[in-house]
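Got a structure here, written out as structure tokens. Questions coming.
So that you can tell them apart, the chains are marked A, B, C and D in the order they are listed, and the count of residues begins at 1 in each.
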Amino acid sequence: MKNKVLLSKSITSLILLILTNTGALFAQSATDISHEYALKAMLAAKEKAEKLDVLVNIAVVDAGANLKAFIRMDDSFLGSIDVAIKKAKTSRYFDINTGDLGRLTQPGGIIYNIELSNDGLMTFPGGVPIKNKEGKIIGAIGVSGGTIDQDHEIATVGSNAIIE
Amino acid sequence: MKNKVLLSKSITSLILLILTNTGALFAQSATDISHEYALKAMLAAKEKAEKLDVLVNIAVVDAGANLKAFIRMDDSFLGSIDVAIKKAKTSRYFDINTGDLGRLTQPGGIIYNIELSNDGLMTFPGGVPIKNKEGKIIGAIGVSGGTIDQDHEIATVGSNAIIE
Amino acid sequence: MKNKVLLSKSITSLILLILTNTGALFAQSATDISHEYALKAMLAAKEKAEKLDVLVNIAVVDAGANLKAFIRMDDSFLGSIDVAIKKAKTSRYFDINTGDLGRLTQPGGIIYNIELSNDGLMTFPGGVPIKNKEGKIIGAIGVSGGTIDQDHEIATVGSNAIIE
Amino acid sequence: MKNKVLLSKSITSLILLILTNTGALFAQSATDISHEYALKAMLAAKEKAEKLDVLVNIAVVDAGANLKAFIRMDDSFLGSIDVAIKKAKTSRYFDINTGDLGRLTQPGGIIYNIELSNDGLMTFPGGVPIKNKEGKIIGAIGVSGGTIDQDHEIATVGSNAIIE
């Protein structure tokens, strides 16, 4: 089991290495994330989750907030599939880290209960916009399964993988 | 780009001028907003948004709370489509400014979590009833994309365009 | 009443005239329909509907199949709001005239009952893609309220208004 | 552009090569597809789609019919996201190729309109069960975007990648 996990980790690392070294050849200034980049962000997030020993679901949406890439790690929460997808969509719907949105939606907040729009928003940490090198938002990534801090950290690693 | 925006603004102004000058010929005492009036309210709101340099979605519903007119400004938040429509509907569902409704729906409030009815209400500012000259509510307008103060201001301009 | 209708028609014509004459100044090669163009397509379709004496709902979606502009003509079917929006979305979801899609979804057809995907597709005539001058699809228009032939004709006029 | 596509293809091939050579080390007799295997099936299907020059969405679900992996190729149909996911789910819901199910759901068929269950089934080709080496179904793959024959062929390649 241990060996299997280690092998799995080394494969993901290898894939990432390949994608990273060739990444410079892709246009990083496109206004919509490509599927190769979505794959790259997703696998970078997965590698981070493996390092942290956290089981998560990872979703990437494109500039139109449409699902672009997704992976569900073995034994991660079943309920996190929808949460991860909704975090990614929420982040792109309002171009914001989902945790930052959540500060405004609390009781007494200026947009209290906006979560009831768009078939349900997720407004706690774990959704992060993905930007191109010029800083334009081209998609978003949502992570669910760990603590909200871990989810945010993993999503951030995924998002940053595009511009590194 | 600048020229395009200026042109866009002047066209909207021109359309509004035409609609305003002919508006007097329409019955302003109808009990349901006409599509010409819905268009007029929507475009007046859009013009205001352009003056404020805010990107918004604008929805107008009729007396039956059915969608009557809608426009989504370029590059406005994707998530605001549904929020704008829900603000307009919420305003007409209860004949109230959405921000006023929100004061009653907080924890401990008299209609706590009423947002869960009607497929989701939006109870923060940006939804405003539209009245005819006699003060009867004939529809509502919902705006989303700016701050809640801007959204409310833009919606109010749209609503007032009917009775001016 | 007659005069009101005539006036309404002449206003729409005037707006269209303005938009048409200034339209050349906008980029017609953009890959996503602008709100000015969505408005233009919608009003051209509305003018056509008025000429045909048909009461319709007209929806325009952008390249991401998101609602961009909408108008509901007075006294048109209430049920046509959703049908018009779904026709526009269906047309963009599969880059096809909705009527052409419907030929494939009949009993025995190669994609029978695909209508149950995407929260409900409309696969009879009235949804038409909107293209830019280079032929790239940048959105779609959906019309509902008349016969399917009228709906398709009106949608086509709206779609063509962008490239004329 | 051509180079980018070639590069993209060679990367996918390389990833597949790595996964294939290490695949033997994973348990192929597990009763639920692992995320590494889901990734492998998805990328094998993607490679096949690239060879056929078809733009598709590819979804893999696990033994519980839950989304396990997903990718949306650039410029594939927006409407195919949901169709691909529903094809994968339909295939696992009833342990059958979706095209075979469709023969039974036609008017007069023994399970006419079963498509209305489970939030919408897709009963035309493109959904294929994924089996382990012992022949036990451990998940399913759904493909949408090409002709139904292409979708089925691509899904089959993805499914077979697990047992090769």
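The working rule: contacts are C-beta pairs under 8 Å (C-beta built on N, C-alpha and C of every residue); 3 or more make two chains touch, one makes a residue touch a chain.
Here the structure is a predicted model, which is why all the values come from computation and not from measurement.
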CA centroid of chain A to CA centroid of chain C, Å: 35
Geometric centre distance via CA averages, chain C-chain B, whole Å: 23
Length of the line joining the C-alpha centres of chain C and chain D, rounded to whole Å: 34
Chain C: positions in contact with at least two other chains: 64-66
Contact graph of the chains (line, ring, star, complete, other): other
Interchain pairs in contact, sorted by label: A-B, A-C, A-D, B-C, C-D
Complex interface listing, chain A residues touching chain B: 64-65, 90, 92-95, 107-108, 110-114, 116-118, 121
Touching residues on chain B, where the partner in the complex is chain A: 77-80, 82-83, 86, 102, 105-107, 113, 115-116, 120-124, 147-148
Chain D - residues contacting chain A, complex: 3-4, 7-8, 11, 14-15, 18-19, 22, 25-27, 32, 34-36, 38-39, 62, 64, 66-74, 78, 81
Residues of chain A touching chain C in the complex: 63-66
